[in-house]
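Two complexes come next, and they have one chain in common, subunit A, joined by subunit B in the first and subunit C in the second.
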Partner chain A sequence: MIAFILRRLVSIAVTFIVVSLIIFLMMHAIPGGPFDGHDMPLSDAVRAKLMARLGLDQPLHVQYLNYMWGVLHFDFGVPYQSPGDTIIGLLSRAWIPSLVLGGAGVLIGAPLGVLLGMAAALNRNTWIDYLASTFATLGLTIPVFVISLMLILVFAVWLNWLPASGWGKPERWILPIIAYAAIPLATYARYTRSAMLDTLNRPFVTVLRAKGLSERRIIFQHVLRNSAIPLVTVFLPMFIGTATGSIFVEAMFRVPGLGSYFVSSIEKRDYPLEMALMLMITMMYCLAYLFSDIVYALLNPRIRAGGKP
Partner chain B sequence: MKLVEINGLTVSFSQYGGDVAAVRGVSFHLNEGESLGIVGESGSGKSVTCMALLRLLGANAKIGAKSMILDGVNVLDADAEGLAQLRGRSAAMIFQDPMTAFDPVFTIGHQIAETIRAHRKTAKRVAWAEAEQLLLRVEIKNAKDVLNYYPHQLSGGMLQRAMIAMALSCRPKVLIADEPTTALDVTIQAQILQLIKKVQAEFGMALIMITHDLGVIAETVDRVLVMYGGEVMEEGWVQDIFDAPKHSYTQTLLASLKAGATKPDDTGEVDDTAVPALELRGLSKTYRVHQGQGLSRKYADFRAVRTVDLVLPRNKIVGLVGESGSGKTTTGMMALRLTEPSGGQILVDGSDISMLEPAALKGFRRRMQVVFQDSYSALDPMMTLAQIVAEPLHIHGITPGKQQTETALDWLEKVGLDRNFGQRYPHELSGGQRQRVAIARALILGPSVLVADEPTSALDVTVKAQIIGLLKQLQREMGLSMLFISHDLGTVRTLTDTVVVMYRGRVVEQAPTAQIFENPQHPYTRALLDAIPASNPRDKRHRTFLSAADIDAATPRYTVIQTGMAPNAAPQLVSIAPNHLVEAVVTT
Partner chain C sequence: MNALLKIAGALALAVGLAVPALAQTTLVAPGQNTSGTYMDYMKTVYARATYAEVLQIPLTSFDKDFTLTALGAESWDQSADGLTWTFHLRPGLVWSDGEKLTAEDYVFALQRAATDGYDFNWYWDFAGGIKNWKDVTEGKADVSTLGLKAVDDMTIEVTTAAPKPYLPSVVSLWYPVPKHQFDKYGDDWATNIDTVISSGPYLLDSWEKSNNSVVLVKNPTYTGPWQSEVDRIEIDPTLGAPEVGLPAFLAGDADYSFLNTGQVPVASQRYPDGIRKNAVFAVSYISFDLNSAPFNDVNVRKAFYYAVNRDELTSTVLKDIAIPAGSILAPGYPGYNAEIAAEAVFDPAKAKQFMADAGFPDGKGFPEIEIWYREEGGYNGAIVPPMAQYLQSQFKDILGITMNIKVMPTQDWMDGLLKKKNNIFIAPYEYDYLDPSNFFGIFYNGGRHDHHVEAYDKLVAAADSNPVWEERLKLYAQAEQVLIDNASIVPLVHPITIAVLSDQLGGDASTPNKQGFTPLDRLAHYFFTHLTKK
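This part shows the complex of A and B:
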């Protein structure tokens, strides 16, 4: 197990470097630079001076190495958008709303999805199943900004129950959390349904019934545990998926979170911020998959207990 | 007193809008302590009948009966709680495939203890102690360790023992065994059957033995129910059924069993000077396996096949037998170079193909074809039968396009299928029909060598006899040389000219078929032959089983004078009669 983790850590480091290179090159492949804006034109001399100060006049590979050297020391540089700040400082502030809303969305959506999936699987081919499956399909196929719009329309505009946007008071959180929950709920409902149906069809379930176990015990202890293995492995990556989901949800609900920076950093050629965001997502995905694999191994005795003794 | 009484049971399954009748009016009874066998082929309704007795069928099953009494309770009226009481306590069941019968994520001990605690209020510790006792009673020696094993850590035979222990855990009044040995090796099968008889006597249970194998019936039961197409064809005492079967279906069944006793017609002496169709010289296969954990990972070599020599003479059938894991299938696949050998030579018509590049090998592929055990996964489900059978012609570019289909249809006819089957897809066929298609596909190229890897072990007895007949006929017509890989010694006896016995990756004995059955020399060959179920209840007997250590200890010994070989403490193949080789130690 330790060797497995070590090997994975090495491959994560390689992934990290490869991804950082690709992002860096793509970022600079976009024509234009950070000071080409037309709203506030700069003279050539000023621009050249700025570029020199930020090191943007140096060859690309030097820029890349300089930046990565900083990353190694947890120095992600200074965002061009707000030079008085550091990227670490900016992200740690912007992270909070995204984490609270997205995290709550997953933590509420995933268990509800499991319940919905179980209800569908245990009542296969009945109206419960059809209803749950329709619900799950809608949750996955309707874009999150449409869901957000509908939520705002129904609960804020028509019913006037909840505020439509903003951050701060908890009642402002409710609608974005529901929007965030849609995808985990739908995904989990579908995963759970198919995993449970697969398990229910396996011969050992008949054996459990023939032993005289109660149906409740069969479902909750045996079937659920066997079905849980694939469910656990998608949990963490889904959590991180909310980071990119935030682009739309936060824009719709005007939450001052991470989402807006994904777009503005590219638009404004804010190279350090763009790199920092992408590297952060990459690292989180790598670690999430590593962690999922470890949990998977722990849940599955075939891997945990090795082969034949 | 009657323990089970079923009167006019009907079961139908609703499928795609229609109802399919699986059981049509079955009635029987079972007394306390009695053994009843239900025999029939797949689809005869024998399993469904017993599943209905415990109401284990899915929601799409409609069950009807005048009455269905188990242990004094009318099963059809029982509610969920009443059923849970009956299951496990009044009647316990063991199933065909022990590998899939346990929940893979819980230990054996947990699963046995959970059964005990579902029926009796006991402390966890007490239930585990009881589970250990039960494992000891089914002759698992290291019971304490096995309690903490997960199912995947045990072999099929061990798991079936644990399954029996679990079934015994609530002292059921009747044990229902649904094909309990079909997924097991022949030697393990004999052990499990004997164990079931032993625990039946010890626990004073009644037994319902569901099987397609008349040999199993002959070994284990007092009374027999013969089922076909969801109905009872015949019922009677086991000896009467074997001696004087009344119904024609029973007679067919018995005939397919008796076919095992007839000797193959002798097709004359082998011409020793001719080049054999296929020869394996020192063929071996070593797999690298992980050992150890963490940073101290080590690799060990697992020798699946160690230096096997084998000669397949022209126009002959050689049987390759042994238990699962003996290396017989690996050897067959290496002979075709479908598995790459680790060492040794493969000679086809005298030329070595073991090192050939794919392009050079292609010509030889045409001469060597294969039929697999599982015909369902061996046929592409998206292709019609005509396309499947014609594909080899296409691959080797033999006949022009239009004619390929014609040839394929001719071959469908040759293997006993109608020409209009050409437009059908594999899933529309029965197992026997699919195996015919697989045979047609293998033979359409006119190969000289056919490797048949357990081609009949997934088939019903009567169908099996037909497929064997077909293979035999085509072999004679085409002058095929066939390597017949099987663990079914009855079939091997009727079909083959020579038998090669493999054990733990080695050839331990090799002799003409008649000779090996009459005069087996190696202890493993004897164990294999001894494990064949009796073909008549009169012949059933108590068996003693050899462990691997016993077999090693009983390796035959021959002197230098007998063999003309130098003394050697390590076992080696020695010739003890014309064409009869056995692994033995040569002493001074």
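This part shows the complex of A and C:
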């Protein structure tokens, strides 16, 4: 197991370098730079000064090496969009609202989705199953900005129960958390239903029933555990995707989170921030999959990553 | 009895404390850009933080009727040769840290702009015409040779390369920079709320950089004209998108919201007294590469000019959000000439004839073309995409040609326009200062289109420096006639923005001007100081 983890860590390092190189080259391949796109073009002299100030007058390979040298020392540079700041400072500040709202959305949505999926699987082809499946399908197919808008209209405009948007007071968190919870809930409902039905049809469940185990014990101790692997596979990537912010949810609810930076860093050609965000996501996904592999092994002793089943 | 007195005393204290808190008025307003770098207009215009300009006092500004008003400058005069302007500062102005606001703060602002890579640099050459500006920005001359001088603490002298009769209008975008603060912190003075100081009606109370939202509060040290009439303003750029702004407005979380076309009927029905329209001083037009086929033939360009049915375009697909444009100047803008605007008629027969004269009868033999427009939000984002599709269909029907459409990022679009990577564009432009020279300048001596028409350049140069307003107008009219005769561009529409205001809002800034339009935050200084809230 230790050898496996070490091998994976080496492959993560290689992935990190390759991804950084690809992102860096793609970023600079997009036409235009951070000072283009105004109503009137900048003069060459002004542009040269601005580019020199940001080190963009250096050859590309020098820029890349300088940036990566900084990364090795946990210095991701200064965001062009926020010159008095550092990228670490900006990310750690903007991540809090995204982590709180998105994290809460997953942590609430996922268990509810599991319960919904279980209800559907255990009541297959009944109205409960149809209702749960419809709910899950709607959750996955209705765009999150439409869900957000509906929540605002119903709970803030018509019923006047909650504030429409903003950040700060906890009552302002409720609607965005519900919006964030929609996708995890729907995803988990579908995965759980499908995995549980698959497990329920396996011979060992019949054997357990024949042995006289209670249905509750069969479901919770055996079926759910054996259905958990796809749920584990989905959980961490979903958590990362949601807890790093959604531009739509954050825009609709005016949350000062991380989501908007994914777009603005590209739009504004904010190279250091764009690199930092992509490297951060890359590292998080790499570590998430490593962690998932370890959890697989713990859940199912027959699985030995890199070994024989 | 003693206990009763205590209770009464406590109640009186509570009421006393509560009254000022209740009396405080807070305006919640939409902003424009969700990212901003420096709280300093004179450092960057395109990437400035939300309403950085409202914190400082410009030399002049415009009220809702677009009358030039003295703010930082109390008065000004022009030398006999027309080349030197002297601005006399208003006495008693101070920075919010107590330091005196001096002429040096204004001069320093432009000296730094000329030498330090200011993204609005072009303005002070193109509009201001300040002596030696270009040479200094290009490093060919020392900053001391600039036509700028602080004669004493209260007097600024500006020398221009040629007479600029409209300079007092141009300096409406000239804000001071606190030199004493810059000397301590460098440019970073404008990145931190602890070091940002104001010379204008508001102070910066907080700044959330992740969405560029700010809270401004009344500046107690400000003694100039246009004092704030609300105590606190929360400006949130995320409310700027009507899709976010209107639901927040309906829920009482915002005091006004801009509307998209779909929202106008609903908001008009629900808040008939709250609807405000504004004719933005802007124009969308078709721009050609005059040097490459097929648009190097004036007959082809004229065919396009006559093939646009502006009335149908603005009464159908752009209902409520644009009006027809026959001129580069919008109605109400200084120098607008109704006779010239009236020349832009829809005449399909003439359009077909011009195509035939160019050798393309009914579009036969005309190459397939592609019109480029830039992807953007705001009013242009609502207008340009449907307009492009309308033009595509109309040019097919009337001219018999195939025009494809390409939407592209702003950077690529601008690059294409300047380097002539394509031969036809939809281009929008909004005014920077109130003078016809602003719009005529974008085609002058290259401008932003590499447009070189000698007769036009001569007329614009003569108009720009002529001190007699009526004579200037005649020269500009002649210049625009040259633009039309050459069919250098095809003016299409002038945008209209629509907003809905809460009935809690009042004050001069909330009511329409003489032309029936309410400019709202397009005139930020006036707007945020002439708005009241119940």
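One rule holds for everything that comes next: the second predicted complex is superposed on the first by the 293 of 309 C-alpha atoms of A that agree within 3 Å, B and C clash if a C-alpha of one lies under 4 Å from a C-alpha of the other, contacts with A are read in each partner's own complex, and residues count from 1 in each chain.
Basically, a residue touches a chain if its C-beta (ideal position, glycine included) is under 8 Å from a C-beta of that chain, and two chains touch if they have at least 3 such contacts.
What you see is a predicted model; the values in this text were computed from it and never measured.
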Touching A:His73 in the superposition: subunit B (first), subunit C (second), both, neither? neither
Would you check which partner chain A:Ile2 touches, where first means subunit B only, second means subunit C only, and both and neither mean what they say? first
Is A:Ser264 contacted by the first partner subunit B, the second partner subunit C, both or neither? second
Under the stated touch criterion, which partner chain does A:Arg209 make contact with: subunit B (first), subunit C (second), both, or neither? first
Scan A:Lys169 for contacts with subunit B and subunit C and give back first, second, both or neither. neither
Give the label of whichever partner, subunit B or subunit C, reaches more residues of subunit A. C
For A:His222, select first, second, both or neither according to whether it touches subunit B, subunit C, the two together, or no partner. first
Residues of subunit A that touch subunit C when the two form their complex: 30-33, 35-47, 49-50, 53, 80-85, 90, 93-94, 145, 149, 152-153, 156-157, 160, 163-166, 251-252, 254, 256-258, 260-261, 264, 267-269
Inside the complex, what are the residues of subunit C that reach subunit A? 34-38, 46-47, 116-119, 121-123, 126, 134, 137-139, 187-188, 191-192, 208-211, 213, 236, 238-239, 241, 243-244, 247-248, 250-253, 374, 409-415, 418, 429-430, 442, 448
Note: in the complex, subunit A contacts subunit B through residues 1-3, 6, 202-204, 206-215, 217, 222, 225-226, 229, 299-302, 305-309
For the complex, which residues does subunit B have touching subunit A? 51, 54, 56, 80, 83-89, 92-93, 95, 97, 100-106, 114-115, 118-119, 145, 149-150, 152-154, 163, 166, 170, 293-295, 297
